[in-house]
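Inspection log for the structure reproduced underneath, given as structure tokens.
Per-chain numbering from 1; labels A, B and C assigned in written order.
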């Protein structure tokens, strides 16, 4: 079955983005500071400033020359935290007040007074017992191979191999999900009890991991 | 002089709301206009609507008049043209400068030295005094940290990534998008969503 | 919390947090005014030493005496003190009394007369003169003749005094703002004309004057007053009373904001200068916010002192740095030039007094930076 129609639907939103990468960086940073002020984030304001970085395609002195010559030099990465593919707590990241922690990367291009959203990944990791070890929201690069399988906008629900289609979101919306959403409901003070199936699944998974260790 | 970005200074100044606070932010003359624009943008992004204004007085005397007429809480003063005589007058008229809110003087390091010499009373009021950061060493260090992490994760070299992108065989994962940008190959990214 | 520390705020708003400083000058001056209501007092002190706060404290103390009315006037608020001519202070006192009367509902021509003298007015010509109005400039715009202007200022004041004294026999004025005057001759003129005249009208005067009045030949000015009060820096390293006072100020204004371990470094870093204590304390609070700390600790105080020190060293010439190094290493300071005096005025060098003996030190916030420069 083709998921092309589903993907078209997921990507059909017109996003409200600020005009410049610097503006998006500032908006993300201010959302994090707001979360800090509301006690939803444990990361200090100083660290928020240090962790949200704008990385231009090239150093400013080189980029300036290229732009003056009409050549492209207008892609940016906005990084939130250190690059952390291994999910190592030692790498600098944002901490929620409930122990969850996250980081993100966004790739954009400035073009014609507008911002193009090219790709993003936002990954949040949860304390043990929270139901899943991590969630990652990905927006892949456009127009590549395996479009039928590789949904451009998707979620990894605790597995790098499993993908679930998600609607296209702005970086601010995904960040809001990570900060405010993805939490226990207000009327519950602990996670739901596990079913026998889940308990069995975790035990079997643990056993297979233990056997696989050298 | 300690250095801080406009964004961080804006946050510090916002933390002083509700007080009568005076600060200074220093930049070289060629950078003053951009610094003023950045600082204003940052302040407007985190302060309530209508709480920020910029004054560009041509003299100390005019600043006394303009500040007296302004009830806006956060005032950014373009003080790049202030001479020793302007600072001296502001020092004498310091009581007339009293403003319930935050006033930031944006000026050059040499003009600030004149403030310190000729406006000692005004200087005693100044809390935060910072200069604009002027090097990209931090950004470059972060670029390199991320490239190193990407190479380790994918077990591939920068050249292999660029070749794959050109051949149309690069995976679509966001990490590869970042990799290309950090290498200065944004032109290989295709078109995104607006 | 940050508002209560407010170093640049209106001292009148800080009244609820007032703490008596060791040997508070306000109590001495208030006591002397109570005994001699027309006496003249000169108050000097360095920038940020709390002079305005003491003037307002004198007002509060005097308010407890039934037959005395006080008036606080910052002469620099609506007038450039570099352009002050004799008569200007008298005109401002007249204006102050007029505004007080107007505030209580009085609608007298005397009030307008005081305003006209201060700000200028259009006068109608005599009937047999050409039919053109003549503008008479106010005192606060520099005129030519000293005596004439003093006399013009005295006239409405005398009449206003008669009106006020119908209810309250004694008046004392607290005159702030002249500490910033740089022309000592102009200051002398104001003292000789305005202060003397106010005193002759039976008005008590407490005048804040320039610190340079303390030094060299300028000391002769001091003798024109019945008392001279010096608001010193507090030697917090040598005297416990100074340290306790500043700790009490912090406790009154921001009782729970500072961790106990942060108090002493903060007080030491201020050099005993009250305003610098408040500036550094406020800055430390901002540092704590940026660090996400619930209280100011030693780390935040260190950062705030470092920021203050970097600012405090700006604008200094190599020769001045040399002088500071000598003060830092030997404690020796001999004021031989205007530049040396400027180092005192700007609080790079702090003078402490103990039994009238001076002790000199560099402001603690610049000590470490000076040490690094010397290496």
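To be clear about the criterion, a contact is a pair of C-beta atoms (placed from the backbone, for glycine too) under 8 Å apart; a residue touches a chain by one contact, two chains touch by 3 or more.
Treat the numbers as computed from the prediction; the structure is a model and nothing was measured.
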item: By mean Cα position, the chain sitting nearest the middle; value: B
item: Of B-C and A-B, pair with higher C-beta contact tally; value: A-B
item: Mean-CA-position distance for subunit C and subunit A (Å); value: 57
item: Centre-of-Cα separation between subunit B and subunit A, whole angstrom; value: 27
item: Distance between the centres, which are taken as Cα means, of subunit C and subunit B, whole angstrom; value: 35
item: Interface hub residues of subunit B, defined as touching at least two other chains; value: 8, 11
item: Multi-partner residues of subunit A (at least 2 other chains); value: 45-46
item: In subunit C, residues with contacts to at least two other chains; value: 289-290
item: Complex interface listing, subunit C residues touching subunit B; value: 2-3, 5-10, 47-48, 74, 76-78, 80-82, 176-177, 179-181, 275-276, 279, 282-283, 285-286, 289-290, 306-307, 310-311, 314-316, 342, 345-347
item: Residue ranges of subunit A in contact with subunit B within the complex; value: 11, 14-15, 17, 23, 26-27, 29-30, 33, 45-46, 49, 53-60, 62, 72-77, 79, 82-86, 105, 107-109, 114-121, 138-146, 150, 152, 168
item: Subunit A contact footprint on subunit B (complex, rising order); value: 5, 7-8, 11, 41-42, 45-46, 136, 139-140, 142-143, 145-146, 149-150, 152-153, 168-178, 180-182, 184-187, 189-194
item: For the subunit B and subunit C complex, residues of the former touching the latter; value: 1-2, 8, 11-12, 15-16, 18-22, 24, 88-89, 91-96, 98, 109, 112-117, 120-121, 123-130
item: Residues on subunit A engaged by subunit C in the complex (per definition of touch); value: 36, 42-47
